[in-house]
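Two complexes follow with chain A in common, the first pairing it with chain B and the second with chain C.
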Partner chain A sequence: MNKLLAGRYLVGNSLLHRLDGRVKIICLLILIALVIGSRSVSSYAISVSAVCMIVLLSKLPPAYVLGPVGRLWLFFITIFLMNALFFDTLNPLYSWWIFHPSVAGIKQGFSVVVHVVLVLILSSVLTMTTSPTEVTTALESLIKPLKLIGVPTEDVAMIISIAIQFIPTLLEETEAIKMAQIARGARFESKKLKERAFSVFPLVIPIFLSAFKRADELSLAMEARGYRNAKKRTKRKKEPLSSKDYIALCICVALCLVQFLLLR
Partner chain B sequence: MKKMSYVKLSIITAVSIALCVVLPMAFHSIPNAGSIILPMHIPVLLCGLICGPFFGLLAGLAGPLLSNLFTGMPPAAFLPQMMIELAVYGLICGLMMKMIRTKKVFVDLYISLIVSIIIGRVVAGIAKALIFAPGNFTMAVWTTSYFVTGWPGIVIQLVLIPAVVFALMKAKLIPERY
Partner chain C sequence: MVVNGKNISYSYDCNDTSYALRNVDLSIEQGEFVCILGCNGSGKSTLVRHLNALLQLQHGELTIAGIDVSNENDIWRLRRICGMVFQNPDNQFVSSVVEEDIAFGLENYEVPREEIPEKVNSALLLVDMEGYDKRAPNSLSGGQKQRIALAGVLALEPDIIIFDEVTAMLDPDGKQEVLEMMRKLHKAGKTIIAITHYVEEAVHADSVILMHEGKMIASGKTRDILTDVQLLKIAEIMPPMAVRVYYDLLDAGVKLKECPITNEELAEKICKLP
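And then the complex of A and B:
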């Protein structure tokens, strides 16, 4: 199971790896808006070129970046066919039984698939070039304004960082419990739905008991050392944004503006 | 439940969020486990029941987000709607456990679970119909995707979650409710 995790963040020294986590998340949101706003051929050309440029700058192996897209090929074909065959029943190119393929449907199907593929590539590039700890720190900074409505942002960040640290430990423990239950005769691979559903019980209850035992021990240790809540903790000084971060932000905003002007 | 410290509630929430990543991976070998067994729902509902509405809401928002960051599942295109659905489960579960006190733990647990499962699916359906798939999402699609495909998951949740809560109480990892 750890192999699944290992495929996510790839250590590197590309320009994208060196950008600030906060900037990367903001740029991702701007670029998602750019992709979703694409309607004409020229705006699609801008979106696709921007995504290709980002993949090149990330210096990630194309097989890694396109991996999540490849795994969803059946989903993309289904979405395209559903739109192409059922979207416009009034002006079909040809009608047979319940199927009404139309030009508008093909365009709509193509547009939906391209949007999802581009968003998927963008989010994959973010997670492959940003470590989970960096993502947490960036999220903590970005959600700081929520403090104004009473959200304890430091506690939220602390909870997320502890959750990230728990993942490898719980994965190992789950694997051990799974092996132990298979040795006792549990059938996780059965083809019968009933057997498959019942195989969940001997796995889930021990996982929860062991995870909550760890939570109990950690909270006792934290309280014994005087930890009350994250507000009273000191923090390392956050590095200010560099010129390359500002340039990346400006390029993303400029692309969005060009897209907006093309739509008018 | 009797009062648990803020630190313990925070750590239990962190563990629940981590389980949102780990449980779907544990069921990775079982075909269609994601849509049939709904493994990510279990820690969120449990967190809402044990830790209350705020922590349940947080687990519902952060669980799918971290799972997407670590494993790529759920895909980014489905992430917002899943976050909304799970956040409502966690929030409503916590609120119901605060409001309902029948003096019988299993009755409280079942009422909270059933109400949150229904409200969560209704809110997810409304969000899908108005925001994520406007015009393409019908009542029949909603019933099929949330109740017909996922019925084994609903049954598993209704049997498993109270069992886990009682097991945790018996192991004295969480305090007794009454």
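And then the complex of A and C:
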């Protein structure tokens, strides 16, 4: 399975695929609040169950949904260790040099990692079940009020939509550049933390260069196909929200309320 | 003439005297298949990017189907008449769903929503990719990706189609698919302008324009240009294999009736040797 596909829209007919794009974005924001608000075991149980249910309803292959999480394992371990070793220096379980592992630190580290993992999964499910055009249309509607302060909302929506779908492409590019550098002796897999950290720098410049080149070529291709600005385009018919959209919104709001009550 | 250009010059840096294009005259007839041939940096892409006003005309005159490219009010009409497919298919897709990507150009021209699905299907049919509408472009082969990029252009029903080194990143099968598509569109009456540095891709064109260091060093019938080895040498282009074999045979004392430009012609002529 191509792990680089993670995050890209997958055509499907699940309940989540059929939900309105605007509702999906609002639900995502509500669920992020739900996840970040988790503090107790019961609230974590609600958040994790909600995310699992959403993944099941999306009918997406779990490997695709969990792909981005798997690739960031080093990041998660780093976050966990930093919290576990430095969070609480006053009540450490044990102290050695600058390291002070503590119960509060371990709890905090676990909490941060779970929050980021769940938010990442929710965001992946959104981009995997919503086509780029739907994302653009939904964003256009949701940020419409910003027009009042002169924000070109149609263009912003187009930019965000293209940026989202280019993330997997840039990951692919990063992998290719990494391989090319390994072939020339770069040591990304070195066990020495210092060597490993420094090895990232030579990746950054070629990735930026490549991203700018892609952006340049894409803008030419868009212009060649008659793109002027997002205002002068065929508008998508704004479908009225259906009963399933309202139900999804109600469930998300209800979950958030339960979480709020548990926090009190 | 559908394309009529006189004295076109272009410099990427206005303060610089090193021109990417120098005094190029260009004339292409309606329905013609023209190949612009030249090595890297010869000014081919710079020249064709003037045809749909992706580059602003700095010096000279250029009209496409009667439209003056320097008239900014006509740029959008011009880009609908003159479609362009680029080298890297991955950098042309604005959507990760084939049908949405093909619809992009139509939406830019405010084609009514209800007409879009039919036009998308017709474009897919033209490039022999029907049934791929729900697929992700990145799941396709290089040749298929270029055909989808072409479908995005064809959906706008342009009269002129520019292929800007479209085969450069493709494997041999992908190349054949795209070249076959060019020939098919030419037969259907479209004006085809293909730019390449692979001489073998020029053999099916009606005429060839030879570029070198920003200048047009020759233009004429494909056979006349591709068999002129001295001219090709100046342009730093290797002659087609059939032409090289013809001259090798000539050196060895074997004279074929006429210089072939394709391998098939070469084989036929060798078979006819007494």
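Everything below uses one rule, namely that the second predicted complex is superposed on the first by the 173 of 264 C-alpha atoms of A that agree within 3 Å, B and C clash if a C-alpha of one lies under 4 Å from a C-alpha of the other, contacts with A are read in each partner's own complex, and residues count from 1 in each chain.
The working rule: a contact is a pair of C-beta atoms (placed from the backbone, for glycine too) under 8 Å apart; a residue touches a chain by one contact, two chains touch by 3 or more.
Everything numeric here is computed off the predicted structure, so don't read it as measured data.
**Student:** Chain B or chain C: which reaches more residues on chain A?
**Tutor:** More residues of chain A are touched by B.
**Student:** Just checking: does A:181 make contact with chain B only, chain C only, both, or neither of them? Give me first, second, both or neither.
**Tutor:** neither
**Student:** Going by the contact rule set out at the top, does A:214 touch chain B (first), chain C (second), both, or neither?
**Tutor:** The answer is both, since A:214 touches chain B and chain C.
**Student:** Could you tell me if A:162 is touching chain B, chain C, both of them or neither one (first, second, both, neither)?
**Tutor:** In the superposition, A:162 contacts both chain B and chain C.
**Student:** Taking the superposition as given, does A:224 touch the first partner, chain B, the second, chain C, both, or neither?
**Tutor:** A:224: touches chain C, not chain B.
**Student:** May I ask you to decide whether A:133 touches chain B, chain C, both, or neither, giving the answer as first, second, both or neither?
**Tutor:** Only chain C is touched by A:133; chain B is not.
**Student:** Which holds for A:14: it touches chain B only (first), chain C only (second), both, or neither?
**Tutor:** Neither partner.
**Student:** Given the touch rule stated above, what does A:141 touch, chain B (first), chain C (second), both, or neither?
**Tutor:** So A:141 meets neither chain B nor chain C here.
**Student:** Once the shared chain is lined up, is A:170 touching chain B (first), chain C (second), both, or neither of them?
**Tutor:** Touch partner of A:170: chain B, not chain C.
**Student:** Using the superposition described at the top, list the residues of chain A that contact chain B and also contact chain C.
**Tutor:** Correct list for chain A: 5, 8, 132, 162, 213-214, 218, 222-223, 227-228.
**Student:** What residues on chain A touch chain B, complex-wise?
**Tutor:** Interface residues on chain A, with respect to chain B: 1, 4-5, 8, 68, 71-72, 116, 119-120, 123-124, 127, 132, 135, 155-156, 158-160, 162-164, 166-167, 170-171, 174, 178, 188-189, 193, 196-197, 199-201, 203-205, 207-209, 211-216, 218-219, 222-223, 227-229.
**Student:** Over in the complex, which chain A residues touch chain C? Could you list them?
**Tutor:** Checking each residue of chain A against chain C gives 5, 8-11, 131-133, 162, 165, 168-169, 213-214, 217-218, 220-228, 232-237.
**Student:** Touching chain A in the complex: which residues of chain C?
**Tutor:** Residues 49, 52, 54, 76, 79-80, 83-84, 86, 88, 90-92, 94-97, 100, 103-113, 116, 134-136, 138, 149, 152-153, 156.
**Student:** State the interface residues of chain B toward chain A in the complex, per the touch definition above.
**Tutor:** Touching chain A from chain B are residues 5-8, 10-15, 17-19, 21-23, 25-30, 36-37, 42, 46, 58, 62, 66, 68-72, 75-77, 152, 155-156, 159-160, 163-164, 167-168, 171, 173-174.
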